[in-house]
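Written below as structure tokens is the structure these notes are about.
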Amino acid sequence: MSKAHIHPVTVHFGDCDPAGIVFFPNFSRWMDQASLAFFRARGVPPWRELEATRGIVGTPLLEIRTRFLRPATYGDELQIVTTIESWADKTFKHRHRVLRGDELLCEGTEVRAFVVRDPDTGRLRAIPIPEDIKARCG
Amino acid sequence: MSKAHIHPVTVHFGDCDPAGIVFFPNFSRWMDQASLAFFRARGVPPWRELEATRGIVGTPLLEIRTRFLRPATYGDELQIVTTIESWADKTFKHRHRVLRGDELLCEGTEVRAFVVRDPDTGRLRAIPIPEDIKARCG
Amino acid sequence: MSKAHIHPVTVHFGDCDPAGIVFFPNFSRWMDQASLAFFRARGVPPWRELEATRGIVGTPLLEIRTRFLRPATYGDELQIVTTIESWADKTFKHRHRVLRGDELLCEGTEVRAFVVRDPDTGRLRAIPIPEDIKARCG
Amino acid sequence: MSKAHIHPVTVHFGDCDPAGIVFFPNFSRWMDQASLAFFRARGVPPWRELEATRGIVGTPLLEIRTRFLRPATYGDELQIVTTIESWADKTFKHRHRVLRGDELLCEGTEVRAFVVRDPDTGRLRAIPIPEDIKARCG
């Protein structure tokens, strides 16, 4: 498993719903931030550079699975601990653990693929995991 | 399985990311809309009424699992087909299928609980599924 | 002043904050939807087509001004009434009125420009208002 | 004018639209964060405490006005410089300046009021600016 990256998140008033707790899709949003921060911390350029140089437009999701254990509210300081759990030929799996101090609030996995835009159809399609990116994340 | 409810969604420009496709947490947001619309369509009052009359503040998530099969973009008209797949003592499971015409774009399950706010601690805790609500959704 | 376009919005649970009312940036989000819906209703193609054919990537904001008169909450059905108040050489001004039935909840103006991406620098820059688009909206 | 408070913001991929730039309602969202951070930095408790002790549920917006000078994109590190420009009997005006290094990207004002929930009607209504809070922000 890869070395973990830690992405800090402060919960804001507007992230919370009428029950006073984080509206849950924000956890997915923060995990997405944590995923990109993971790659950036390993020296992978931002997607707009990779798009210009190699046609890679990002790492869209194929599947997510998330368990919500405890709610969070505004003012909370969270840490998202992100690893790559496994690599397949054309996909990889992240694990994200969302902590508030020692408490685990939320845990999830994401299956993602590196995609390029097909020049003919304009559609996105998955490519084999780029070896140089995989090497940086090992 | 319960009768399906159909929740329409129009994808807007601001729902899409720099790759030009729906930023995936929006699918979770739309499924949340579809869940509440499901209950409203069966005659369940909005949460703020249930909070005033019975202390129920909503149905927060315990677990989500979503597969993303095809991307969507702005201008697309989607339909979310929502059912209750199963009831447990204190939880229930939704299934949501996101369609664009005949194409299945995204499919997921949500495990939720009805919660009340504990008057002493202020914390949210799950209650047994209210029988009258279950009866409406059968 | 142009003919008005009406854009319907349903307020959802996740659009509301811990005070139980719409988190105000959502009004800006809905006005943005209403702006694009205004142009689409007049036969202007979506931005991704205009980008491919004419390099126009959208109509970003130069200035917004919004007054919030009454709050809204989830379950509310809103109507956004959108017009073009004036055209300048390189900008135009929208007016949006957000109604719940007869009640005016929120009113605002937006100053926007049509922009293209400079092929050399990659930067966005405003172009003179395209005459054909202006003619459609008159 | 009050002493300025600086609120840092990192722009994320999901904050950006298909043109690759920040979707503008996010600037309003970040200014809202900056407003609450301003009060917290001066020792004002979070709204949920003020609601329990004094019935104050927050500081909703009466009016916003924002000028967008330059776009931002993901990876950008922003600073929001927030002051209180003036106090009236029942309202106050914030000024927010959004900077990327020395560049001013966006500037805006917000008129807000402290509100309580009327125990009879459940409606929100503005109260005179609490003197103790004003004194802390002077």
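Some notes on this structure:
In this document, chain identifiers A, B, C and D correspond to the written order of the chains, with residue numbering beginning at 1 in each.
Rule of thumb we're sticking to: a residue touches a chain if its C-beta (ideal position, glycine included) is under 8 Å from a C-beta of that chain, and two chains touch if they have at least 3 such contacts.
Molecules present, by chain and UniProt name: A, B, C, D = Acyl-CoA thioesterase.
Everything numeric in this text was worked out from a predicted model, so none of it was measured.
Comparing chain pairs A-B and A-D, the larger number of C-beta contacts belongs to A-B. We define each chain's centre as the mean of its Cα atoms; on that basis chain B (Acyl-CoA thioesterase) and chain D (Acyl-CoA thioesterase) are separated by 31 Å.
Remark: chain A (Acyl-CoA thioesterase) and chain B (Acyl-CoA thioesterase) have CA centroids separated by 23 Å (rounded to whole angstrom). For the pair chain A (Acyl-CoA thioesterase) and chain D (Acyl-CoA thioesterase), the distance between C-alpha centroids works out to 28 Å.
Contacts with at least two other chains are made by residues 13-14, 17-20, 23, 25, 29, 32, 47-48, 58, 73-74 of chain B (Acyl-CoA thioesterase). In terms of inter-chain touching, the protein chains here all touch one another pairwise. Chain B (Acyl-CoA thioesterase) meets chain A (Acyl-CoA thioesterase) in the complex at residues 17-19, 21, 23-26, 28-29, 32, 47-48, 57-58, 60-68, 71, 115, 124.
Interface residues of chain C (Acyl-CoA thioesterase) facing chain B (Acyl-CoA thioesterase) in the complex, by the touch rule stated above, are 12-14, 20, 29, 32-33, 36, 40, 46-48, 58, 73-75. Residues 13-14, 16-20, 23, 25, 74 of chain C (Acyl-CoA thioesterase) are the ones that touch chain A (Acyl-CoA thioesterase) when the two sit in their complex.
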